[in-house]
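Shared chain: chain A. Partners: chain B in the first complex, chain C in the second.
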Partner chain A sequence: MKFSLPKSRLTHYLQAVLNVVPAKSTLPILSNILFEALDAKLKISATDLDVTITVSLEAEVAKKGSGVLPGRMLFDIIKELPETEITFESTANRIEVKVPNGSYKVSAVSPDEFPELPAVNLKKQVNMDAETLANMIRRTTFACSHDETRPALNGVLWQTKADRMIMVATDGHRLARVAAESGGLKGVSDDVIIPPKVLDLMVKFLPAGITTIGVIFEENRIMFNLGELVLSSRLIEGPYPNYSAVIPASTDKRMEIAKEDLHSAVRRVAILSNSLTHQVKFSVKGETLTLSTTNADVGGEARENLACEYKGEPIEIGYNAGYVTDILSKIEGDEVVFELSSAVSAGIIYAADVPKEDFICLLMPLRLTE
Partner chain B sequence: MVAFQSVILHVDMDAFFAAVEVRNNPKLKGKPVIVGGGIGQRGVVSTCSYEARKYGVKSGMPAGQAQRLCPNGVFISAGLRGYIYASACLQKIFNKYSPVVEPISVDEAFLDITGTERLFGGPEELVYAMKNEIWEEMKLTCSVGIAPGKYLAKLASGINKPDGMTILDRDRFKAIFFPLPVDSLWGVGESTKRTLNRQGVFTVGDLAATDATVLKRIFGINGGYLSVMSRGEDTSSILGTDEAQDDKSMSHETTVSKDIQDPTIIKATVLWLSDKVSRRMRRRGFVGRTVSVKIRSSDFFTITRSHTLSRPTDRSDVLYYHAMKLIPREFGMKFKVRLLGVRMSELSRRDRIDDVNYPDSPDLGQLDLSLFDDEVKTNRLTKAVDSIRDKYGEGSVLLAGTLCE
Partner chain C sequence: MDFNSLAGQETVKRILIRTVDRDCVPNSFLFYGPEGVGKWGAALALAAYLNCRNRIDGDSCGTCPPCRQIRKLQYPNLFTAIPTPPSRSDTEEIENYWEILNRKIAEPYALITGRRQMTIPVATVRQIRLSLGQKPPVDGLRVVIIEQMDRMLSGSADALLKLVEEPPSRTLIIITTSRPERIPATIVSRCRRVRFARLAGSAIKDYLVEKAGQDEKQASLLARLCHGSLGTALYLTEEDNAQDREVAKLLFKGIFLAETTEAAAEAMELLPTGDRFRLNRILAAWQTLFRDIMLLQSGARESYLANIDFVGELERLAARPVNQKALMKIPALIGSVMEDIDLNVEPNTAVAALIIEISRRITPESL
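Up next, the complex of A and B:
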C-alpha cells in the first residue's frame, strides 16, 4: 500500500472517523483505523462494532493495498504538521508516514484482524430529503434513555404510517414525537429502533449543500449514505413500548407564552434550584405564570412573573428545569403552548404555529415537595 | 534453600478423577482410565490416567477422539460426588499447612506458606510433610510448585509430574521457559499465540525481550500482564478461601451437542443460558451489573467479552439482549460454535438496592409516563414462572424461544 494526500484533507476526515473510535475498549483492534487504497481512491474506516463509519476520498494511489493504524496516535502526529503532502507506505509489518522533514514508522496490525465492515447495497437505497430527516433527528435524539436495562428506549423509533413517517424518543420522563411526509420511505421498512449515536453523527457530518440522503435498511442494520461518507449502525431489537397510549387525548388547561422569555427565565430561576431535582414550580393563574424555586442547601429562593395567555383552572406544577430547557431549545417559533391537565400527569408542549401532528413533546412533572 | 519474600505453593493433584477411580477400584491399576463428563459421543474427557496419556489422550478432548486414540481405554463417567468428597478432605489437609488457601478447582489450590519456616523447617520440608499426609490419608499423589508468586508456582507444578516438587525462581524460569514457545505460559492461548507469532515473537524469551508498551498496544491490559509473566517477575499474592468463594458471579455454559452455525440456534442457546443465570440470581436474591459471554469455536478458539450496565438487573430478557450484543457477528457465520457461556458479575444483594427497577432515579419526585405497563406485566409473569419452577422443577416452564432442534 502506498498513497499520498494533502494534510488538511486527511485531518478533516480523520477527525470525522475518530468520532467512532472508542476511547476505551476490551478489543484493542477497535482503537485502530482501516486504510484501504483503491484506484485513485482512499477509504478510511472505523467501527465500535455498533456504529461504523467509512469515508472515501480522492488520493494519489501508487500501490493498492490496505493497512491498519492506531487512530488517535496518527491524528496527533498529523495535526501538528504544517500544510503539506503526506505519503503512507506499508512494509512487512510497519507503516511509514513520510512527511517533508522525516518520517514516522508505526508497527501495524494486520488488516485481517479488523472487523468485517458491512457492505453497502445500493440497490436497496431509498433517497430522502436531507433537511427533513436532519430536522426530525435534531428534535428527537435528546429524549432517548441511557438506561441499558430498557434497551428499546436507548434508541429512536422510526415508523411509517400511511403517507407519514414518525420518529419517537423517550426516557420515560419526557417524550418527543416528530412526523413528516414519508416521501420514498412508504412501504420500504418496518418500524426500526435506531441508536442515537449514528443519527447524531449523521447530522453532525451532513455535508453543506446536500439535498438528499440515501438510507439503506438491512435486517439488523441501517445505513446512511452521505456520498463521500457512509455511516451504518446496528439496530436495537424491539418491541418499543406503546407510546401513543401515553399521549393525553384531551386536556383542560392551555397556556401560550413567549418562548424565549420563558426559556431564559427558567434558566435563571433554575440556578437556585435543588441540585438533584432541579425543581422549578410553574404556577399559572389568570394571565400570569410564576416560576419559583427554593433551595434549602444554599438558603436561596427565586421567583419571576411572566405574562401569558391562559385558559383553565389555576394550577401549580413542578418540573425538572433541565427537561424544560431541553424541550424549549427544540421548539421553533416565537410562541410555545403547554397543554396541562393536573400536577401529576403529562403535559403536552408544542410550538404555537406548528401543527401538533408535526412535533410535540410530553413532559412528566416532579411531585411538588412543599 | 528457598529464600523468596513470599512463598506460594501450587498443589495440583495428579490425574485426580482417574486417580480416585483407580484407588476405589484397584483392578483398574495400570490401565488407561479415561474419565469423562457428558453423554455419548459428545462427552469431553475430564481427566485420564497417565497410562491413557501415553496414547495421546488429553483433558478437554472429545470422548470420540479419545476412543479412537485409545481403543482399550476404560471409560468411566464422572462420579462427581466422590470427587467432591475427596476434594473436601484435601482442603482439610491444606488448611493444616497454611491459613491462606485459594482453591482454583476441585483438584488444585494455591497456598501461601510465607513465614511458616519455623513450624515446618522450610518450604521443601513442608511440601514433603504435606505430600506424605495426602498419600497416607487418601492414597493420592500430587505435584507441587514452589515460587515467589502464584503464576510461577502454577508453571512449576507442571514441570515435574506426577508426584513431583519443583522450585521455580526467576533464573530457573529463564533457563527452562525462555526457549519454549509462547503458549507454554499460563494464559497464552491459540489466538494470542497467533498474534504474537505475526509480530515475530515465538518463544517466551522473545516475549520477554519485547517492549511492554508494544504489547499493551496490541493486547490492552493483558499486554502488561504478558510482559511481566514472560520475564518471570510474578509476585502475585493469593486470595483466601473466604474471598475466593464469595459470590462474585453466576454463570452457565454449555458445550452444544452439535457444532452450531445457525444464528437462530445460537440465539436460542443464549436465551436458555440467560434464563438459567437470571433464574439462579433471582433465587439467591442477587442482581448483577456486568454481563459476559464466552464463545468457543469448533477449532477451540475461545473469546470472552463483557459489558457493564448502567444499573443492575436480574431480568433474563435484559441479560439476553446484552449477551447477544457481545457475540461477535463472525460467530455462527464464519465459525461454528462449540461452547457458549453467559455470566453475570458485579453482584449485589437485591434487598440492599432500594429499587432494582428504578435505582438511578431515587425518589426525587420525578413522575414516569405510564410506558412501562408491559414491564410491570413482565415482572409479574417472571414471578409466576419462578414459583411454578420452584414447585414443579426447572423444566416445567420453558421459554418458547429455547425450543428448537
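Up next, the complex of A and C:
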C-alpha cells in the first residue's frame, strides 16, 4: 500500500472517523483505523461495532493495499505536522508515514483482524430531503433512553404511515414525536429503531448546502450516504412500545405562553430546585403561571410569575426542570402550548404555530413534594 | 480454538457438535465441572463452530475471519464476561480484563488467578445487555460467554437473569462454572446443562508434552498431581507455583511430626495468607498428600500415588500410628476450609483452625 495526500485533507477526515473510535474499549482492535488504497481513491474507516464511518476521498495511490493503524496516535502525529504532502507506505508489519523532513514508522495490525465492514448497496438507496430528516432527528434524539433493561427505548423509532413518516423517542418520562411527508420512503422500509448516536453524527456531518441524502435500509442496519462520508449503524431490536396509547386524546386545560420567557424562567428557578429531582412546580391560575422551587439542602426558594393565556380549572403540577428545558429548546416559534389534564397525568407540549400532528412532546409530571 | 484442540472431553464435544448440526441450539448452556478441564475452550470452540464459514469434518476451519477473530477474542458478535480483581477506574478495569483474557488467549486452560477476590462487575453484564439490544447479525449467532459465573455478585446475577429469562434472538449464552451450587437456581433451570469430567492423566500428559513444552517425566508427575485438571497442571509448571508445592510438602510434614502449636506457627510464617488463590493451591496439595497417606496405609501400590516424588517421606509418615477414621475425613475438612477462604473468610484464622483440627485428629493421643 502506498498513497499520498495533503495534510489538511487527511486531518479533516481523520477527525471525522475518530468520532466513533472508542476512548476505551474491551476490543483493542477498535482503537484502530482501516486505510484502503484503491484506484485513485482512499477509504478510511473506523467502527465501534455499533456505528461505522467510512470516508472515501481522492488520493494519489501508487500501490493498492490496506493497513490498520492506531487512530489517536496517528491523528496526534498528523495534526502536529506543517501543511505538506504526506505519503503512507506499508513495509512488512509497519506503516511508514513519510513527510519532507523525515518519517514516522508505526506498527500496523493485520487488516484481517479489523471487523468486517458493511457493504454499501447503492441499489437500495432512497434519496431523502436532508433538511427534513435533520430536523426530525434534532427534535427526537434528546428523548432517547439509556436504560439497558429496555433496549428498544434506547433508539429512535422511524416509521412510515400512509404518506407520512414519523420519528418517536421516549425514555418513559418524556416523549417526542415528529412527523413529515414521507417522500421516497413510502413502502421501502418497515418500522426501524435507530441508535441516536448515528443520527446525531449524521446531522453533525451533514455537508453545508446538501439537499438530499441517501438512506439505505438493510435487514439489521441502516446507512446514511452523505457523499464522501457513509455512516452505518446496527438497528435496535424491537418491538417498540405502543407509544400512541400514552398520548392523551383529549385534555381539559390549555395554557399558551411565550416560549423564551418560560424557558429562561425555568432555567433560573431550577438553580434552587432539589438537586435530585430538579422539581419545578407549575401553578396556573387565571392568567398567571407561577414557577416555584425549593431546595432544603441550601435552604433556598425561588418563585417567578409569568403571564399566560389559560383555559381550565387552576392546577398545580410538578416537572423535572431539565426535561422542560430540553423540550423548550427543541420547539420552534414564539409561543408554546401546554395541554394538561391533571397533576398526575402526562401533559402535551407543542408550538402554537405548528400543527400538533407535526411535532409534539409529552412530559410526565413529578409527584409534588413540599 | 476448535474442538480438535480440546484435550479429552470426547462426550462433550460430541454433544455440542450434534446440537449445532441438528440445529437445536438452546438459548443458554451451563458448562459445569472442575476448573481447568476445558469449559472455556469448549465455549470458544462452540462459538467458532457456530459462526465458521467453512466447517470441516465436524469442526470449525480455524482460518475464516470469524474463526480467527474468535481465537483472538476480537469477534464483534462474541461477548465475554470474566472475573477481574476490584478496579479503581474503568481504564484499570479494562486493563485487568485484558490481562486475564490475554492469558486465556495464550493458554485456554490457564486458571484465572489473582491475589484479590475476583468478581464479574455488574457494569460488564449491563454493557453486554446493551449490546444485545441491537439486531443480531444476518449470519451466525451472537455468543455470550460468562466465565466462572459463581464469581458474579448478586447484582450482576440479577442483570444476567433478565437476559437468560428473555434471551435476545439469535443469541447463545454460555455460562461456565466449577461451582454450580453457587449459581441461582432461577438461572440454572433456564440452561441446558453440560457436565465436564476430570481429564484422564494420559490426555493431560500429552497436552503438557506437546503444547506446554514439558518433558515426559515432569508431565507424568504433573498429570498425577493435578487431579484431572489441566489448568492446575499448567499452574504447577510455573516456578513460583512449584515452589508453593514444596512449601505444602514441608508444612504437611510439620503437621504430622511437630507439636500442634509449632506446626501452626510455622505455617503462618510460610503460607501466602495474603493470596487466597495460592493459599488454596497449597491446601489442595495437602489434600493429595493426605490421600496418598491413606492409600499407603491401605496397602495400595506406589503407582496409585499422586506425589510420586515424595514417596519415601510419605511411607515414613504413613508408618506412624494415626486414627484411620479421622484421617479419612481430613481431605473433606480441607475442602470445606478452601471453600470458606474462597468465600472471603479471614485466611489466617481459617488456616490456623484447620491445622489445629488436623493435628488434633491425627495425633496418637486421640486414638
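For this structure, a couple of remarks:
The rule we apply is simple: the second predicted complex is superposed on the first by the 370 of 370 C-alpha atoms of A that agree within 3 Å, B and C clash if a C-alpha of one lies under 4 Å from a C-alpha of the other, contacts with A are read in each partner's own complex, and residues count from 1 in each chain.
What we mean here is this: a contact is a pair of C-beta atoms (placed from the backbone, for glycine too) under 8 Å apart; a residue touches a chain by one contact, two chains touch by 3 or more.
Given the structure is predicted, the values throughout are model-derived calculations rather than measurements.
Look at chain A after the overlay: chain B and chain C clash there. Once the two complexes are overlaid on the shared chain, A:P151 sits against chain B and chain C alike. Of the two partner chains placed by the overlay, neither chain B nor chain C lies in contact with A:K281.
Touch criterion met: A:P195 reaches chain C, while chain B stays clear of it.
Judged by the touch definition given at the top, the superposed model places A:R221 against chain C, while chain B stays out of reach.
When the two complexes are superposed, the chain touching more residues of chain A, out of chain B and chain C, is B. By the touch criterion defined above, A:P115 reaches both chain B and chain C.
In the superposition on chain A, contact of A:L235 is made with chain C only, not with chain B. Once the two complexes are overlaid on the shared chain, A:N320 sits against chain B while remaining clear of chain C. Of the two partner chains placed by the overlay, neither chain B nor chain C lies in contact with A:K259.
In the superposed pair of complexes, A:R139 makes contact with neither chain B nor chain C. Within the three-chain superposition, the chain B stretch that clashes with chain C turns out to be 292-300, the only such case among 76-84, 202-210 or 292-300. Shared contact residues on chain A (touching chain B in one structure, chain C in the other): 25-28, 49, 113, 115-116, 148-149, 151, 234, 237.
Within the complex formed with chain A, the residues of chain C that make contact are 65, 68-69, 72, 74, 76, 80, 90-91, 94, 97-98, 126-127, 129-138, 162, 168-169. Those residues of chain B lying in contact with chain A across their complex are 195, 198-200, 214, 217-220, 305-306, 309-311, 313, 315, 318, 321-322, 325, 328-330, 357, 360, 364-372, 374-375.
Taken together, the chain A residues at the contact with chain B in this complex read 25-28, 49, 70, 93, 107, 109-110, 113, 115-116, 146-151, 170, 172-173, 175, 234, 237, 239, 241-243, 245-246, 276-277, 279, 318, 320, 344, 346, 362, 364-369.
Touching chain C in their complex are the following residues of chain A: 24-29, 49-50, 112-113, 115-116, 148-149, 151-152, 154, 195, 219-221, 234-237.
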